Structure formats: C-alpha cells, structure tokens
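A, B, C and D label the chains in the order they appear, each numbered from 1.
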Amino acid sequence: MKKFLQIALGIVTSVGGFLEIGSVATAAQAGASFGYKLLWAIFIGTICLIFLVEMSGRFSAVSKHTIVDAMRERFGFPFFSIVLLGMVLVAFMVLVAELGGIGLSLQILTGIGFPWWAIPVSFVVWLLMWKGTFGLIENGVSLLGLVTICFVVAAVKLNPDWHGAARGLLPSLEGDQKAKYGFIAVSILGATISPYLMYFYSSGAIEDEWDVSYIPINRIIAVFGMSFGGVLSMGVLVTSALAIQPNGIDIDKFEQVALLMTTALPRWGFYLFAVSMLVACLGAALEISLAISYFFAQGFGWNWSESLTPSKDARFCFTYTVIILVAAIPLLLHADPIKVTMISMALTAATLPLAIVPFLFLMNDPIYLGEHRNGWISNSVVGIVILISFVLAVISIPLQIIGG
Amino acid sequence: MRTKRLLVLSLILAAGCKPPTPAEQMDSVLSWIGTAGMAGDAWLRHTTPDTYTRQTFELSSKTLGQISKDLLESPPTMVDPAALDRVLSETSKRITRMAALIGAKNAPDFARQLDSLRNDQKTVKALADSIEAKQ
Amino acid sequence: MDLVRDVLDKRLMDREDCEMGRVDGLVMRIGENSQPRITHIEIGGRTLWMRLHPGIAKLAATLARRWGPKRTTTVRIPWSHVVATGKELKLDVEARETGAIDWEIWIARHIIERIPGGGHEEEE
Amino acid sequence: MEINIEQLLGTKVCDIDGNDVGRIEEFRVERDGKSCLVDAYLIGASALIQRLSAWTLVRPIERFLNARKIYTIYRVPWQDMDLTDPRHPRLRVRKRDLRHAK
C-alpha cells in the first residue's frame, strides 16, 4: 500500500511538473506553423527522457551519489568545470524564461506588463526556496501543476484527426521552411530532454534516501510519469494545430499563445491557460534554481539540502539567492521571454552531449553501479537521440541566425 | 590569432543575417491580422478579459505598422506599392479603432469592424499569394 | 588503490560527518632514493584554480583579498588523519578547526544570517 | 621535494633517450598503516580508460573494431621515474624495456 502511494505520488508529480514555458511555447509554435508534423520530436524526446530519468534515479539509488558528485569524482575538476559552466549558463537562461513566463501569465491576467512583475516574482520564488522544504517544492507545486491536464482536454474537445496525428509521430522532412522546421524541432528536443531535470531527480533520490529496493518503483514512475507528461506536450501541439493554425498565426509573442484554448474551452480556456502557465513556470523556476545550486554544492563538496535552515548550508542558499536575483535583471530590461525561451531551448539541445555523454560513462561504470549498470538498449537509445539532437542543433541554429 | 578568427566568423555571420524577404514579411502581417481576428472572436464570445484583448489589439497594430514601414521601404516589385500601402495602413488603423471599441465595451460596432477586418485579411492574403507566386 | 580514481576529487567528511569539501589536491613528497609518499590533502579554491590555469588562480586570489575570510595559506591536512577511504574520505579532524569551511562560515555570518529567516550558523 | 599530483596528471613523459612514452594518468599507491606510498605510475591511453573506469564501454567498441591492442598502458615502478623536473618527467629506462600492465 505504501509503495502504491509512493508510485502514485511520483507519477502525479512528474506529470504536474512536466510542462513549463519551454515545452508549451515550442509545442504551440510547432502546431501553429506545421500542424501535426512535429509530433515526432516530442515523441522521441519523451522516450529519451524516460530513459534518462530512469537512469538518474537508478544511479543515485544504487551508488548513493548524485550525478554531479560522480561527474566531479570520475572526470576530475577541469572537465567538471567545463560541464558546470555550460550547464549553468543554459540553465540560467531557462530560469530567466520561466520567471518571464510567470510574469507574462500575470500580465495577461492583470494587464500590468511583465517587467513590473520581475522583482515580485523573483522574490516569491526565492521566498519559497528560503522557507520551503524539498517536499513542498517537489510535491506541492507539482500537484498544483496537474491543472495543465486541461491542454489534453482541449485537444480532445477539438476532435483531432487521429490518423494525421499518428502520421506526425514518424519523422518527416518539410519542403518549404526547412530552417524554421529544423529549429523548432531542435527547440522541442531541448525543451523535452532537460538535463536540469536529471540533476534535480537524482538529488531528490538522495534527499529521499532511496536504496536498491527503489529500482522498480523508479522505473514505473519514470515510464508513466514522463509518458503522461509527453502526452501533455502533444496536447499543446494538437490544440495549437487545430485552433491557432487555421487563423494563419505564426507564434512569436505570448499574447498569441494565450488564445490557445479559447475555442476549445470557451468559458474557461483563457484563464486555465494563464493559471496553468503560472503554476507550471513557478514549479520549473523552483526546480531550476535548486538544480543550479545542487550543481555547485555537489561539485564543490558543500553541505546541501533544501530542507535545512539556510545558515546550515550557507553557500548553497547563497547560490540560489544570487542566481534568482540576477535572473530578474534581463526581464527588467524588457528581454522578451519567448525569445529567451526559444534560444535557450535550442542551446539546451546543442549542449546535450556535454551533459549526457559523461553521464553515459557513469551509467556503465561497474564501480558505481555493479550489476545495475546500463544495458546496450539504454545506451543506444539515449546515444542515438542525443546524436540526432546535436546534429539537428548544429545544422539548424546557424541557419536560423542567418535567416534572421 | 583565435580572437581574429572569431571576429571574422562573427562578421560572416552578421553579413549572412539577411533581412526577411517580402513574402516572409507578408506572412507576419497575416499572422498579426489573424491574431487580432482570433482575439476579437474570443472577446465577442466573452472568453477573454477586456484589458488583455485591448493590449493584444494595440500590440497587433503596433507590430503591423512596424512591418509595413519596413516592407514599403523597399516595396516588392510584383504588386502595386500604393495598393499595398493603402490596405496595410487601413488594417492597422482599423485594429487601433477596435482597441478603442473594446475600451468602450461597444460590441455591435466591434463585430462590424471584425467583419471588415476579415475582408482586409482576404485582400492581404491575395496580395501575399501573388508575391509568393512570382518569387 | 589508484590515487586519481579512488581518492582525488572525493568528498571529505570530518569526525562528526560534516561535509568539509572535496580532495582538491594531493601533495607527494619525493626524495633522492626513497619511495614517494603522499603527505597531505589540499582543500580550497587556490588548488582548484591552479588545476584550470595559473592565471585564474591569480585572479581568484586578488578577488579573495577584497572579500571573504582572511586566509593566505592553502588548507592542508596530513594524510595520517585519513581514517577510511571508499565512497568518501573520512578524516579524523574537526572541519571548523582546519579552515576547510572558512567560506561557509563567512557567508553564513556575513550574508545569510542577516537575511530574515536565515537562522544562526552556530546553533545546533 | 613536494609535488602536487593533480598538476602532474596528464604530463607527457619521455624515456631515457628522449622518446615519447605517453602521459601520466594514474598513481598506484600502497597504504601501509598511516602512510601512503606511491608504488608505480600508470602511463598511456589505456590508463586513462582505466581511471575513468570505462572498460565496459570501450571493450565492445574494441571488439567491434577487431583490434586487441589499440591502446597502451605502461606500469612504471617508482624507482624508474625521474621527477627532478616535474614539468618534464623522464624515465630512467628505455621505452622498449617497459612492462605492459595487464
């Protein structure tokens, strides 16, 4: 019974925490510009994520190390510092995008521009980190995040063409707008396969004191939680394909995405969208700030636990305090959160090898994992998807820059 | 040595940053007219708050104005620039007017303007198609 | 035992299982004809930055002179204090006395404690 | 003389005739009560693979390429290593007299 509850809670929090501004903006853009054609990007991204999340949980449960711990120990400080720099820069941009997402949700609700929200929003995120515990952040916010299920309801209510959608699950090439198609595909992959989720998940396994007996639970949570999450992203894409595309709208502002559910759910669609984004971005902002602090603390061997009083892990708390404070600055300067989102998602995809290749080494390490190390299926699935994302990113990001 | 190479690379990239083609600009114009149309529909069905709708209309008209200005600086040769200018400025003005009607909560007038906006949309679409066809 | 794989960069725990950083460096003493011996474990920024580039180490030292705890020497712990190796290195010392967590204490006292709700670093 | 081993890591080593041998990748130590004595230095690409504990990943690739010995690993006893200039370590023996480890 207790195990069943744990599994249920794990799945629910994974689903509630799945969507954030990156996955919503990229999926909405894909649907508006290319109909169902880019569903495959969400599909293979989610499969890769299932494997990665399962691995992160298994790694920490068996080795009692977080991924970052092991990365520093195995690859040494010089290599670690390169990964640290890359990951923290990208995660910081994502954090800016998430804070912006909260601000934009408040903007469409109240009419007050998002730059005005930058300081209050950062303060609330910081306060939740300062006062909250790991359980509050992991469970509380994710439970609220279940409101994002409305995207799937909206998609179903619009009576999608299931055959067309199924065809979208197979990768296809686009004739006209190759550069844009490739760029959105890369951004979707970057939004779906988020490395910060792995760091967060593996630190969570240590905070919750998992051991080898958690391997089956971890597997079930990863498979169901992440695939239901992927379905939410697909819901956004389908809704956008059915509601936004017929109007000829090419999404590049949040105001346009806000119309996503107004046709499917006339009465509540607009407000549900705003609240969903608010909660989803808040959850993601908390997770990313934590992931960045974990990265520093574990890499340098500081005390870390989200559940301690701040002065007991001073450097850990200092890190997220500074990061959240600095992340408010671009928003105060009117940086467009949707632009930041698209760039940071593409950069995430481009830097995936930096995060994932060392991780694959660790997952095959007999010293850390013994008999629980990866089999060839896990290695090849993750390896292939990362290779695809990287190649796509290297080709399409320069094309996008040249295209303006 | 390395900085020099970086400088050259960024220069190439900057030079490669070509401005959007007229066809692409027409697509953005259509996208923003579509946005106003969809937001208008939603407002008439009482599904979106006034402030948001008004701001979206203002944003649409502002963006439209910006794109038309860029577009008419080097007008596409395939269409009559005067006709293009006329329909674009008319649409932009209409959207501004609609934003004011939202403030006044004048739904009947707003509905009429929305119908005219749909007509503008068709005209622009036809112009966009002829630009794309001749490219 | 292999030094780089099994010791370098591992986590360090003190007598009371309090984190005191990582094995940032290891000092080896070589004599004319005697077998090389590992004498000390080094902890701290200086050793770390030196591993990246001496320039970064110099820059970090300049910055640290303006802010932070006043300490000019690298924290060194004699190898004889190592009690156990394995998942992490257990040391028979008191983290606070070695200077390994000077920065932790400095940030706690100068920044975190001054923010409401930060608590106090010294209370148990 | 004191040397930081993390600085020595990855340094190129020459043999007595000045031939390139490889880079220092690992230090094999013997723990004896309270002291820790360096027994041997491991040099070569295979030593790096061993340090990263990456044989489970590399072996299948090696088998696939059908090459048994593409990488080298030398085990140099401490007596044979001259570290008077830590930037340019030298062996006291010839490269061909070195023993392949494993």
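Observations, loosely collected:
Keep this in mind: a contact is a pair of C-beta atoms (placed from the backbone, for glycine too) under 8 Å apart; a residue touches a chain by one contact, two chains touch by 3 or more.
Treat the numbers as computed from the prediction; the structure is a model and nothing was measured.
Looking at A-B and A-D side by side, the one with more C-beta contacts is A-B. Note: centroid distance subunit A to subunit B, computed from Cα atoms, is 32 Å.
Chain geometry summary: the mean Cα position of subunit A and that of subunit D are 42 Å apart. The mean-CA centres of subunit B and subunit C are about 60 angstrom from one another, to the nearest whole unit.
One finds 27 Å separating the Cα centroids of subunit C and subunit D. Subunit D has residues 6, 9, 52-53 in contact with two or more other chains. Looking at subunit C, residues 4-5, 8, 24, 51 sit in touch with two or more other chains.
Among all residues of subunit B, none touch two or more other chains. A complete list of chain pairs in contact reads A-B, A-C, A-D, C-D. Contact residues of subunit A toward subunit C in the complex are 64-65, 69, 72-74, 76-78, 80-81, 130-131, 300-303, 309-312, 314-315, 317-318, 321.
Taken in their complex, subunit B has these residues touching subunit A: 13, 16-20, 27-28, 30-31, 33-35, 37-39, 41-42, 45, 47-49, 51-52, 55-56, 59, 121, 125.
On the subunit C side of its complex with subunit A, the touching residues are 4-5, 8-12, 18-22, 24, 48, 51-52, 87, 103-105, 107-108, 111-113, 115, 117-121.
Contact residues on subunit A toward subunit B in their complex (touch as defined above): 108-111, 244, 247-250, 252-253, 255-256, 258-259, 262-263, 266-267, 269-270, 398, 401-404. Contacts from subunit A toward subunit D in the complex involve residues 74-77, 360-361, 364-368, 373, 376, 379.
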